[in-house]
Amino acid sequence: MRVALQVTCINDALFPDTGKAMVTLLRRLGVDVEFPAGQTCCGQPMVNTGYLDEAVPALRSFVDAFGGYDAIVTPSGSCAGSARHQHQIVARRSGDAGLVAAVEKTAPRVFELTEFLVDQLGVTDVGASFPHAVTYHPTCHSLRMLGVGDRPRMLLEQVRGLRLVDLPAAEECCGFGGTFAMKNADTSIAMGSDKARHVRETGAEILVAGDNSCLMHIGGLLSRQRSGVRTMHLAEILASTEAAPPTVAPLSVEPVETRGLAL
Amino acid sequence: MRVALQVTCINDALFPDTGKAMVTLLRRLGVDVEFPAGQTCCGQPMVNTGYLDEAVPALRSFVDAFGGYDAIVTPSGSCAGSARHQHQIVARRSGDAGLVAAVEKTAPRVFELTEFLVDQLGVTDVGASFPHAVTYHPTCHSLRMLGVGDRPRMLLEQVRGLRLVDLPAAEECCGFGGTFAMKNADTSIAMGSDKARHVRETGAEILVAGDNSCLMHIGGLLSRQRSGVRTMHLAEILASTEAAPPTVAPLSVEPVETRGLAL
Amino acid sequence: MTATFVGMPPFPTAARAALEDTQLRHNLAHATGTIRDKRARVVAEVEDWEDLRTAGAAIKDATLANLEQHLVQLEARLLEQGAVVHWARDAAEANRIVAGIAKSHAVDEVVKVKSMVTQEIGLNEALALEGIAAWETDLAELIVQLGDDLPSHILVPAIHRNRAEIRQIFLERMAAAGRPAPTDLTDDPAELASTARLHLREKFLRARMAVSGANFAVAETGTLVVVESEGNGRMCLTLPEVLVSVVGIEKVVPTFADLDVFLRLLPRSSTGERMNPYTSTWTGVTPGDGPQEVHVVLLDNGRTRALADEVGRQALRCIRCSACLNVCPVYERVGGHAYGSVYPGPIGAILNPLMHGVGEDAQTDSLPYASSLCGACYEVCPVKIDIPSVLVDLRAQVVDAHRGGVPPVTHLAEAVAMKGVAATFGSSRRLGFAERLVRLGTGVAQRLPVATPWTNARDVPKGPPESFRAWWKRTDGGRR
Amino acid sequence: MTATFVGMPPFPTAARAALEDTQLRHNLAHATGTIRDKRARVVAEVEDWEDLRTAGAAIKDATLANLEQHLVQLEARLLEQGAVVHWARDAAEANRIVAGIAKSHAVDEVVKVKSMVTQEIGLNEALALEGIAAWETDLAELIVQLGDDLPSHILVPAIHRNRAEIRQIFLERMAAAGRPAPTDLTDDPAELASTARLHLREKFLRARMAVSGANFAVAETGTLVVVESEGNGRMCLTLPEVLVSVVGIEKVVPTFADLDVFLRLLPRSSTGERMNPYTSTWTGVTPGDGPQEVHVVLLDNGRTRALADEVGRQALRCIRCSACLNVCPVYERVGGHAYGSVYPGPIGAILNPLMHGVGEDAQTDSLPYASSLCGACYEVCPVKIDIPSVLVDLRAQVVDAHRGGVPPVTHLAEAVAMKGVAATFGSSRRLGFAERLVRLGTGVAQRLPVATPWTNARDVPKGPPESFRAWWKRTDGGRR
């Protein structure tokens, strides 16, 4: 089985540690994962903002990069959802029959990480160790678009030393929503603040989820509030072992240079 | 009994509605409160930052303005605490025996609003109406420096229509602390965020306290988080009646002008 | 004594103001939370709930696919039963018809129930211009009307008000509208309700004409159906001499068997009750019983436009249960007014653009973006409207509407950005270059206006020293 | 295998880093919350708690007022009982004395307990330079030492570590320090404790010399007192041949009756226990029982400097209970390392500047500002140290120390601002003018660097259209 990593554009540029964790984790499970260098983005940012024509080049890159693989694994419920549910819409609108045919092949082969581990590899104990209190936020697209259900929890429950704390109102959206966070910044912040508040209520050290975009939003609020709670992608926790715990890379607080000035 | 309003510098400049509410409330209770125009500041900002000499001019203004009064009422536990506990220290250091003597007269005549209402006027039902869910934060200086105890609660419980909700960890500092909020901004925010979180947990519409400085800090965080919870000074709630409810003046959210630009 | 949604600002602006309304936020959080939990409980009781949703969607789809045939059948049955049937293409036509009926009977007031569709067409304002007072009789609608206010929820239009305010509104405004409130009125809920009851009772007994909407219209029998909780609807529908019902053309269902599915779906989805308290049905005129003159105004007003939309037409399945509002995290925080329409929430965010068309006013064009696309609405919709997919499709329509023309500045910037993004994502080589720029730029980004909405409340992650792509290349995928 | 507080950055910088340490934040919140509640419960049981606090403060004050006399008495009694008494003015002297004793016995290792004061003077590092290993035997201190780490709490020095980390530290570091940890060690607390026990037992049996601190020194009898929870202290104090106790001169209490007050105040304030598990007392040498050579090093190291401070001298009452740490909202969030001293928290924020003096290094000068002056520390202090007042006085000392000289830029800006503020608040006319400027400036303020720490996470209130002062003048106090 030829397996490709779809690292996603946001992870490639901003969260490379998640991509590295995917490689570490999959190799440990015996999967010789490849990284097709031609990949760019699933096109979702354009599609969800209404720019469907502008998503076509991304889509062409996608099918070119991943066309030959049996499975395409991605550390993002949102990007997996985009590939499975939106690619065909964009392809049809483009009027390119070749693209429609190519998408028909790639779309069903895209798996979100937990789907791939539990359904394709049939594994829930991935040999991870992470001795911390953790709470899990099911991102909307993995929860409702993909229906990953209990898979993340099944995986987390097998991690040595990890204490999983229930997140209140877990299934409520964090308010990121891609361009929603920009176009409706105030509402997005109101939603995110409530999510951050619920995370704080758990007393957990780490908020984990399957999408770094949502985590960037919630983590940005937690950091701005100096909450002492950090966010981590599920892949990084599953990749963590006693011998190789994750390097701590909290969301950076931009230093404020003008302290000391009174009143 | 000649009664003077010490409005405090922060209320004078930033929260004049609190001063007006003091006037409304005290007049309704038959107190012909005066506003000595010579007043400036109690000097606490300088004292608590370590600038004791610089507090002397403020102190002179204070005793000049309030020297002739039987009672000096202030809508700030912190400023009352400063007058009662710090003025003598500053006066002694100045080496001015006249100032020491003057402070000896004014200091014990300074009352925080709830002390004045409950102890001096002997009233807990001030005829107020405020049909909202409210939670009360006891500011550190009113709680520990003055020991106002149950007085605010006794007053709030008599307000028609008001539903008083308990604030978790109420007695923990909000993290303002005057220049602390600037000199130790990160820790201050961490403390304030927890306070804001506890406020949100109550489900109350309004956070009330006896010090606008603390409220500015907590309210600034609540507003930044688009929490939908507003802060109000206790005086404004006690001044509110059915016929004259308070004008709603939430902490302004500075409009963000660059929305609509994608990604 | 009427307010209007006309001229509302675009959603983000209206939302910003709503987010600061502490009482609205408090009431919304409480109300939506309560109804949401109630709905979840009673829906869980129904074993074949998913099948029921599928059946509801299928019936509506089949009906909409042959809408003309069902409407013609409905008209025929209504005529047979002594009703007068009117067809209205738009709001103006519908208002003209209703005003004409009122004037022909020389009434200067009408009582109203199930008023959402008449709010859609601005009937009260139109009647007022003709000197006819229209009195809302649903308790919440009455509060909204007396308060010179706008509804903020499909089911609970006065969700943004508290008891003390309602008391104040009754004390100050009831006298001008009929029987005054007692001067010693308190804010005790039972007292407020009985005051409204006495006030309304007088209006019911006096009014000679009623105007209603309808939840359903059964084509095979010509029967209109109104479901409600207070009984005031039944008063409205039975006491006056003349009854005019304004009915959106999507309300038709073929048979009573079909109706059964919706009477099971609606109350559980709407109020979280197993069954709604009052279900009134009437089939034209029944001699000697109820209104002896019955009119039905079949209203298009943008519905055929929505029907022509391949993706969006599913929105016409909507049975106005408000389940999507109660689960919507956006609605929960901003309330109904921000949507600038009598149809708020997720369903409003698609229904309004579908009925009005996009590309014409900024307010309508802002609605498809008033969602984080979380999908909670789709999950609870009793007729399985895939609201997120419709929203995305409408966003494309908004963008397409502005292609070629001269877009507003913000759209221009966005469009230019998107073109750049499209080019970048078309080539992994270009992407690698762009990523290096991004890393250079994260520090700078906080100072640029583009970052403001983000950094206003959130910290931005520092760009990593190296992209994944660069790491993979440098280390041969971690192998060296 | 030692770390040092030397060269720590000023508090705000250290705090910023600590605030991002998720595990520290988690452990601190949990631990301080737990101990705080426990303390509150057991203190509430004691009816005369306030009298007890007053008594404790009075005894310490009286003793400090005649400190020399009590120390001389203590020395006399110790000599009578066969102990050797040394006086050390500073850390270097104390370290030289201890190293000298060790060398005179040709030992290359010592066991230690109650090590706070020896951490203050850097004894372990000094002994290491002489080729002498110093082994901590308090479990938490052992973890800190093996982990090449610093204590972060007076009572729970390893509060920032978790079980898995402790297991890792034991596995990796124990072997180099003595008996290795079993290779199949798990992170089960009982297993970790028994591993430490076996490791330490070997050291106790091998060591010929011990170094301790003391909680109290009773002048009337020459008795030293150590209170602890593990029993390791008693091993240390009784097994070796030579015992050297380094005792701060403020530890002296006149009589056993006085000691009684503190033995009641300490455990409830410290661990929230009614009584501490192990109280060891020894009076010089007891022939044939315990160490046959007993040294006591009476240490000043800044204590007389603190004693000379009229406001600050009350800090010398401190009995190191850590109650002020556990209630401090600042400590709860940043932990002990940020204070850059073995004495962290509110007491550290005054004790360090009092012992070192201010105006010399930025780290010490930052400590008096590491508090919001909330007063919770004063409320729980068993010897009623008015920490907030001392903090304010120390702030004045910091400011005064920089008057005249060339202050650093930030101080300069602050000093200039304060002079301006002083002038403004000296005149209500000038204040009125300044307020108008403030209102003009609030919009601008957000763009200026001065506002950054504030607006980083908080919204700023808009300046009102009119100050209270202006309103009063315009309306004659609302009368017109």
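Each chain gets a letter, A, B, C and D, in the order it is written, and its residues are counted from 1.
Just so it is clear, a residue touches a chain if its C-beta (ideal position, glycine included) is under 8 Å from a C-beta of that chain, and two chains touch if they have at least 3 such contacts.
Please read these numbers as outputs of a predicted model, since none were measured by experiment.
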Least hop count linking chain B to chain D through chains in contact: 1
Pair joined by the larger number of C-beta contacts - A-C, A-D: A-C
Chain of greatest Cα-centre distance to chain C: D
Between chain A and chain B, centroid-to-centroid distance (C-alpha), Å: 46
Distance between chain centroids, defined by C-alpha means - chain A, chain C (Å): 33
Centroid distance [mean C-alpha coordinates] between chain D and chain A, Å: 44
Between chain C and chain D, centroid-to-centroid distance (C-alpha), Å: 62
Set of chain B residues in contact with two or more other chains: 45, 49, 179, 182-187, 189-190, 193, 221, 223-228, 253, 256, 259-263
In chain D, residues with contacts to at least two other chains: 12, 16, 19, 333, 414, 418, 421, 453, 456-457
Arrangement of touching chains [line / ring / star / complete / other]: other
Touching chain combinations (by label order): A-B, A-C, A-D, B-C, B-D
Chain B contact footprint on chain A (complex, rising order): 45, 49, 179, 182-187, 189-190, 193-194, 197, 200-201, 221, 224-228, 253, 256, 259-263
Footprint of chain D on chain B - complex, ascending: 7, 9, 11-17, 19-20, 23-24, 34-35, 37-41, 43, 45-58, 60-61, 65, 86, 140-141, 143-145, 171-173, 175-193, 216-217, 219-221, 223-224, 251-254
Complex contacts: residues of chain C adjacent to chain A: 11-12, 15-16, 19, 329-330, 333-334, 368-376, 378-379, 389, 392, 394-400, 414-415, 418-419, 421-428, 431, 435, 438-439, 446, 453-454, 456-464, 466-469, 471-473, 477-478
Residues on chain C engaged by chain B in the complex (per definition of touch): 12, 16, 19-26, 29-30, 162-165, 168, 187, 333, 410-411, 413-414, 417-418, 421, 449-450, 452-453, 456-457
Interface residues, chain A side, partner chain D - complex: 129, 131-133, 161, 203-206, 223-230, 242, 248, 250, 253, 255-263
